[in-house]
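Here's the structure, in structure tokens; my notes come after.
Going in written order, the chains are labelled A, B, C and D, and every chain counts its residues from 1.
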């Protein structure tokens, strides 16, 4: 297999799907060169800075037989389009009694680490989880992002694919052949017996590194990657916690009403899983502040492998 | 003391504060008659339908020495203003290093029950909880809404006051004298020993009714009302659960990444409280769907006293 | 432009009267408690939807607003399924999930009423983009109010449609009010059509109570759109006779004087007068018969609605996702 | 309008040169790794901020964009604290929390650079409303790009400001590009100023590389605003010399030819030529001395920045709320 980066894998998914299906077109405020060269300016549209309009136009085009892709780029730019996301894309299939389909892929970068400060750094996926009607993916590897984007493009519903900025350069094995990663299936990224770390996106990589460190100390960490936030594969997560009896959720978003709170609650509210818990669940998240600019501040805000290692030790009552 | 409605109490808060402080002015797409008559069209502005602009204008006016109130009306209308809420109001005090103050009250109605369907019925407060930088109130009684609105208006930060549609006509005692309800303080609305029901807004009324029903069966329910969602008074909630050992969160919002998930997690992640838990926490929430129009559908979606009673019995393993 | 054929004129009249009678009935049944939530009536503005849709083909697409019954009917929606939706029943267009503010019929190119002011403008612009991408000669029409014209999506959509020469009609129903607020307090320039200049597209003002004027403007705009020349902004000056909504406690700041002036400009009476004045073209009897037929179809829709069951409560969980 | 006084002209030149030198240094130090994140340079557009701010009083207010250094400097911001902010230090304007895209100085009426395109337009409109409510004669100025003029907030804010006659200047810096996308592909009408007609306000086009032209337009608009006659839209045609950002891998679709044409229209060289051509008004030595002084102040700002400590990590938790 080839090694390619997360960003390359994502772009491959778009290229291959656009080759496969002429009904797919792409809109974003700057058009990606790789797509323009292959598919031309009509199918790959550089648009005015009007994300609200793009988001809505995708809905109308989708119900007219197309399969639009809108790249919001940084998720913070998507907030100008929030009405079209919350009140329109998420609701209208349901509200109109299911009479039309809206196959749309919305893409957005999340996260931080780029010293880009508060208006270009955020991981607000839980805001989109709270409303009903969307599907949401959040990949952690090049393999997954390509497979998830393909599933998202082929899905007949609006799907938001969030991609963590920090992963863009991450390399990993990606097959040449066509494949998909199903929406709604978590993956155990590393098996273990002492504690479950449910990690999201970049934190999967951090959790795997932490697990490696801890393995040297004889601590066996299971790393579970939900891969899609909606629908959430609660069964895989609960099964892991029933096995290990302990839960950490690692997320680069702030904790408050976050995906981390949802995952912790999915675990604790399930009577069978609750009865297996040997320790309280723990969230290892970003500090609950906007993301600051200065490197020393930004690095302090985000969780990382060191904080996960410390958290595991705390939950296990060691060191 | 007088009995007045929730809506009247809220309006009194605005009138009294505007009388007290000439720097307060009001903007909304239709101007409330009661305010226009008292303060005139300059201070009480009927605006174009441009909630994004209003939300932003409040920020600029606030940093110039005013204390604006913007009534978004239904919260679903506020999504067009989401950039100004998330990227601007919530972030700029922090992002600019605290150099200016932004005392703003944003008001919005949440909830359902009015057969107004998906685009006019939603309780998305957890979306606003996930971002850092706002304060958020959610009152359940006429007394609280007046006191909380006064605190919100006097606060030097952007505060969102969510008010549940179903409470508008609820009557309750409200003193004539000036008083405030502090932001960040929960209230035990009814004491009990067997189970804690943390209830939000309209669900406080439902939980109190359920508690009454259950009392007749010898079940003692403690009802805790957080009253503000940010900051959340986790200590009062945890203390109650340490006493009762059992938790239900009742919320008219859908559960997923909701305030209910946050409250459940605040309880379970605290080691002292976790060790007191005799049963898994339970969420009694709206079904995770957009709100449908037809009465039979809408009523099926929302939680109510009957569902709370059933939930309490289930958690206690009775009936 | 010559008048439409007599048959088309009658068709227009039938459509306008159907809108009016449908809403009179919907209002009655709302006050009787059979229809729920919020109902916004279009009465007084019937010539706009009718004149525009008369210029469209069946496969052309429109999007509507919170005040959507007129657009639905003018585009050819089924009255039974509309009424059943208002009644919250299983056979309603949205299986009871939508109600008055959300009637849609994608099969006839009616992309939905929309409860968010200006919420539909970009959506239907996407339908226009779809037509262009397909190379079809379909056009797409956005209906919206004077109030909506002050919202961001209006601007973003018109700019894109103009730049990309999308086959669009942007139809502003300027009824001089947005809820309780008069347009004179919200529109910086009293003519919404004046904004077209900023996008380099035609901005046309028509008497929205004159169905022929609306039809003519629409026909020109449709021809332009089909020719690949891009969008037109059509501002129809009109008026709603009723309060903003049918809610019992709905306030209304408008003066009776203003209302009276506009009721004298009744678009339906005008068309009837026109038909009658064209000697021998339209008799009182014909008009009565037409109205009776319209009323019958409305009555039938109520019968249909009442016969349709309420959805099962559990149906609330259906339709969240497409397969 | 007569030229500004020679002293004012020199002041303008000093401001423009300060902007340019500040950014040349910021770019160098960014590439050296001392400044982080994203830096957008204003070089080539200095006459806009300078000409506009020269027409303002100290207590007038402005809001900026992601490309904000020029606006800060023209409004009188402290170079030391600007540079310290770019360096991410404790003595920076935002204590290191904001960086290049978020420099603000509320004390001098600079309401902040803003990382969201069009994000500041409504905020500063609120400052204009505050001035009006207070009865003060302050004006407020929104700077934004051609790209931002296609976004909803532009439309909503201009309509409100026009309707309410707010004391506002809306200054579009049309540098013919938004990131990689040329304005010719995004603006339905090539002149943003054409949109003013839709709001019934003046829309003025000026040569944005001619500081006197900008100053004159600004002075007229300020007079109009202070007289209670409402806002003006001023479109300044200009050009950025550098790529969209200073990122090493920043793409650039613009042709060298286009860049060269605009570099020949250098606003600074034009002002220098003007000063020199007015016999005896400005010598080479004076210009060299001015530039040397400017460079010295920039150098001093770097020294200040480097001497300032990084914030303590825990400071990340400060400033979330005002007391």
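Keep in mind that, in the parts below, a residue touches a chain if its C-beta (ideal position, glycine included) is under 8 Å from a C-beta of that chain, and two chains touch if they have at least 3 such contacts.
Keep in mind that what you see is a predicted model, and the values were worked out from it rather than measured.
Considering every other chain in turn, the ones in contact with both chain A and chain D prove to be B, C. Compared with chain B, the chain whose C-alpha mean position is the greatest distance off is D.
With centres taken as mean Cα positions, chain D sits 45 Å from chain C. Chain geometry summary: the mean Cα position of chain A and that of chain B are 29 Å apart. The mean-CA centres of chain B and chain C are about 37 angstrom from one another, to the nearest whole unit. Note on chain placement: the centre of chain B and the centre of chain D lie 41 Å apart, centres being C-alpha means. Among all residues of chain C, those that touch two or more other chains are 94, 96-98, 102, 114-116, 119, 150-153, 156, 159-160, 163, 185-187, 320. Across the assembly, chain B contributes 47-48, 50, 52, 76, 80, 83, 87, 94-95, 117-119, 132-133, 289-290, 292 as residues in contact with two or more other chains. Contact residues on chain C toward chain B in their complex (touch as defined above): 36-38, 88-89, 94, 96-99, 101-102, 114-119, 147-148, 150-153, 178-181, 185-187, 251, 310-317, 320. Within the complex formed with chain B, the chain A residues making contact are 52, 76, 79-80, 82-83, 85-87, 90-91, 94-95, 117-119, 122, 124, 126-127, 129-133, 230, 232, 253-262, 264-265, 268-271, 274, 279-283, 288-290, 292. Against chain A, in their complex, chain C makes its touches with residues 61, 63, 92-98, 102, 104-107, 111-112, 114-116, 119-131, 133-134, 140, 152-153, 156-157, 159-160, 163, 318-323. Listed in rising order, the residues of chain C touching chain D in the complex are 150-156, 158-160, 162-163, 185-189, 194-201. Across the complex, chain B meets chain C through its residues 29-31, 33, 46-50, 52, 76-77, 80, 114-120, 287, 289-290, 292-301.
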